[in-house]
Amino acid sequence: MAIEIPLLILLVLTAAGAILVKDLIAAVLILGSYSFALALVWALVGAVDVAFVEAVVGAGLATVFFLLTLFRTNEKDRQIRRPPVPWTAIVGLPLLGLLLLFGAGDLPTFGDVNSPASTHISPVYLESSLEDTRTPNVVTAVLMDYRSFDTLVETIVIFTAGIACALLLRKGGS
Amino acid sequence: MIQPHDSAIVRTLGRIIIPVSQLFGIYVLMFGQYGPGGGFVGGVVFAASMIMAILIFGVDSTDSNLARKILHGDGVGLLIFAGVGGLCLIGGGQFLNYSYLQIPNLDEPSQHFVGILLTQIGVAVDVAVTGVSIAISLSFEEDVTRSEEASNG
Amino acid sequence: MVELLQTLLQRPNFIVFVILFLWGIYIMAAHPNFVKKLIGLYIVQTSAIFFLVAFSAKEGATVPIIPDGETVVNALNYANPLPHVLTVTAIVVQVATLGVSLALVTAIYRHFGSLEEDEILEQLDEQ
Amino acid sequence: MSSNLPMLLFLIPFVVGVAIPTVTVKRRALCPIIALGTVSVMVLLAIANLHVVQTKGPIEYALGGWGAPIGIAWLDDSLAAVVILAICMAALLSLIYGQVTVSSEHKKSMQYYTLILILLSGLVGIVFAADLFNVFVFLEVAALTGYALVGAGGGKASLYAFRYLLLGSFGATLYLLGLGHLYVATGTLNMADLAVRIPEILTSTAVVSGLIYIFLGLSIKMALIPLHSWLPDAYVNAPSAVSPLLASTVTKVALVAWVRIEYSLIAPNVEVGHVPVLVVLEELGVLAALIGGALALIQTDLKRMFAYGGVSHIGLILIGVSLGNTTGFTGGMFYLINDMFMQAALFMIAGILLHYHGARTLDDIRDTARFSPWLTGSLVVAAIAMVGLPPTGGFFGKWNIILGALEAQHYVAAFAVLGSTLLTLAYFLKIFASWFFQPQAGDTAAVELSGASRISLGIISITMIALGLSSDSVFQLLLATVNSGGV
């Protein structure tokens, strides 16, 4: 818990930087460091696989995509004048915030060993993955075997993104 | 299209780093069942190395050969994944039920192990190809017609 | 109310999640620059993932990778793997969405020559 | 083999879609033929699937062979089978119709057909999936293809596609957040398992807020007022070849996903803090039906008018399924199936008007020369169906929703259905006023439509009437779903 607090503060600070900095390239690079801070937090919580993916995908690939776009377009957030805040945001945000706090009331505490999420199905994965699949990394076993169909569909999502980018940007492609 | 970078430092460093990161990508992919990593991470690392090659040496250079050629296999990764599932269907089980992969001399957990490995490879190929493809699409300039055939299979 | 504040202060994770989530939504809705909107969207998505991962932790548990030679596995010793799986999937979906949205941003820039929403809306009004 | 039918319905469009770019490298002209063939096969499979479900009962498909709460499960009951058949038929007709405009609008047909087929597999997955997270990934497949297909219109369309993407991704994030709440509170993602575990803790704040997030996220996807703002702009500016498919399927499938969640998790008469849940949903439907109809009435752009008509129908269906009785539920779901064909027909008509006559608004229509009888005929049929007169399916759907509302003694809902009917009648009278009273109509010959557009318009008009004539058997199928306790 003690190391976590500075990391969480770093997280908020980097997010603030990415939002507030006017130079878009700098903002995107700060966003990359936000991803990296996030990866550190997750590694601390014990989610190494998620941390690895976030570090590689979030801090790496996403930043590269952002930068490539900025090279082809405009690097400055000009912001000539501040537009009025849309009324949907004025009404919606406080409501959403209240809903978030409302929902927090009954959530189990952080690290609760007896929460339904820790007791209902997940022990099955942990206890039988080695016998079922000879795979010590339980996350990989669940990702590619117990719930492999989700992974297939998600691979379709990536493929679709590739095709979609080609359709949108390559003139007369194919 | 993307022009080659003319700094000697960048080019030399690129020559060293790119093969290393490709090796690392393959290592992460193969080691995914024992430690953190797996198909996604391996694929992304591999894609990153190829994007680096394209950014440093340009699309048309021989150093970016791999990145260019890999684009021909747009759906191969997905077809590997779906193919493993299809083999399970043909073997008489449900889709993606690795117990029905007809591999001789293997007990059931090992079949699952092989199934996981094959599908990981499928995911990695798909992620790597798509990552490079999106990067190339994003860096396309408006009035380019020449290098289109080279970049899209 | 006091009770609620007390539970909140025990959960710094949750407070950070709420801050990032709401701020990201605000930027998505109110900021005129498209790239900044996408940065907002990215922060919203990662904060939702952050929420999910935080609940995978168990007191005294370690990473869900079973060491060599362990034959009888006690589930209490390992973090809950399912949220990790969901979030890995969600992160990859998120980056795919990011790719498509950046492609759309580039297409918008090619057509309108701008990334600012108010400038583009002015152009549309003139037509 | 018959137990693998739902899987095949997903696999065939997906594998063909993925293979199209590679297979047709040398001969791009093959793309439309392959796509049409694939979707025709899907229609046949969907019919076979319906038959199997009818004779042998619902199929529970355990993916990867892992039983329900551990692995991912699919549920293929008669509701799913009927909806899938409707999706496949609407897609086939949209594809046939797309042959009219696709070549002139954009040449990149290979990617276009790949995306359409992947969209179809995504829609099939959403309807079959009985696992909250599986629904999420399939929603993203359908959404991403949707953004790309809308954005393919170029120019203004990319702006509206971008807005659609921002809202849609936000909706998906809300859905993920809600799913996270439900998971943390129950420890499971499978709908059947949730249905067992949720009722005892339904009033806990985590579950309530989780369900609210899921509903908000899905109502962005189904364009429920007031979260509909992306839909009219996106569908009006999308390429004419894809707007019928998108308008007829994407929003309805999100609604089907919600109906599954609503029916398995929320028992009728449940109250959270003295607020009856279903009544709230019903009131939201009432608002959407009336406001959507009113917004349609004040439009002058034809496509935009139809888009708002679709938004108001989402409200009608939500009323039907939230009444808490079987009459309303079957009425709502029957109306959903009809609405797929109505929306497809209307957007086809608008697209053909734009393609052959360059007419976009009501004024343009007034200034145009004579219309082909095919066009006029199908517009009249679609109008009858939209207003809800017998013998079209629209009538039986609305009639059952009203009967359900009376049965539940929710008179506001009944009046809302009547009110939205009157609004629909009003805006169709507006269209007919410019359609039939043209100053320049003289002796000029009507424009000849191409074969593809005649076929698609003809078949879709026949389908709308046939659905009305065969409404009894469809209602039997939907009742079977309710009686089997599924949904």
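Letters A, B, C and D mark the chains in the order given here, with residues in each chain numbered from 1 onward.
In the analysis below, a residue touches a chain if its C-beta (ideal position, glycine included) is under 8 Å from a C-beta of that chain, and two chains touch if they have at least 3 such contacts.
None of these values were measured; they are calculated from a predicted model.
With centres computed as the average of Cα coordinates, no chain lies farther from subunit A than D. Chain pairs A-C and C-D differ in how many C-beta pairs they share in contact, with the greater number at A-C.
The geometric centre of subunit A is 4 Å away from that of subunit C, both derived from CA atoms. Distance between subunit C and subunit D, defined via averaged C-alpha coordinates, is recorded as 29 Å. Chain centres here are Cα means. That of subunit A falls 22 Å from that of subunit B. Taking the mean of the C-alpha atoms as each chain's centre, subunit B and subunit D sit 36 Å apart. Looking at subunit D, residues 14, 18, 21, 63-64, 133, 137, 140, 144, 147-148, 151, 158, 183-184 sit in touch with two or more other chains. Within subunit C, the positions touching two or more other chains are listed as 25, 49, 55, 63, 65, 82-83, 88-89, 92-93, 96-97, 99-100, 102-107. Counting partner chains per residue, subunit B shows two or more touched chains at residues 34-36, 40, 74-75, 78, 82, 85, 95-96, 98, 127, 130, 134, 137-138, 142.
For subunit A in complex with subunit C, the residues that touch the partner chain are 4-5, 8, 11-12, 15-16, 18-19, 24, 27-28, 31, 34-35, 38, 41-42, 45-50, 53-54, 57-58, 61-62, 65-66, 68-70, 72-74, 77-81, 83, 85-86, 88-89, 92-93, 96-97, 100-101, 104-105, 107-113, 115, 117-118, 121-123, 125-127, 129-130, 136-139, 142-143, 147, 150-151, 154, 157-158, 160-162, 164-165, 168-169.
Touching subunit B in their complex are the following residues of subunit C: 63, 65, 88, 92, 96, 99, 102-103, 106, 110.
Of all the residues in subunit B, the ones that touch subunit D in their complex are 72-75, 78-79, 82, 85-86, 89, 93-100, 153.
Interface of subunit D with subunit A (complex): residues 14, 18, 21, 28, 63-64, 66, 69-72, 107-108, 110-112, 114-115, 118, 121-122, 125, 133-134, 137-138, 140-141, 144-145, 147-148, 151-152, 158, 181, 183-188, 197, 204-210, 212-213.
Against subunit C, in their complex, subunit D makes its touches with residues 133, 136-137, 140, 144, 147-148, 151, 154-156, 158-159, 161-162, 165-166, 169-170, 172-173, 176-177, 179-180, 183-184, 189.
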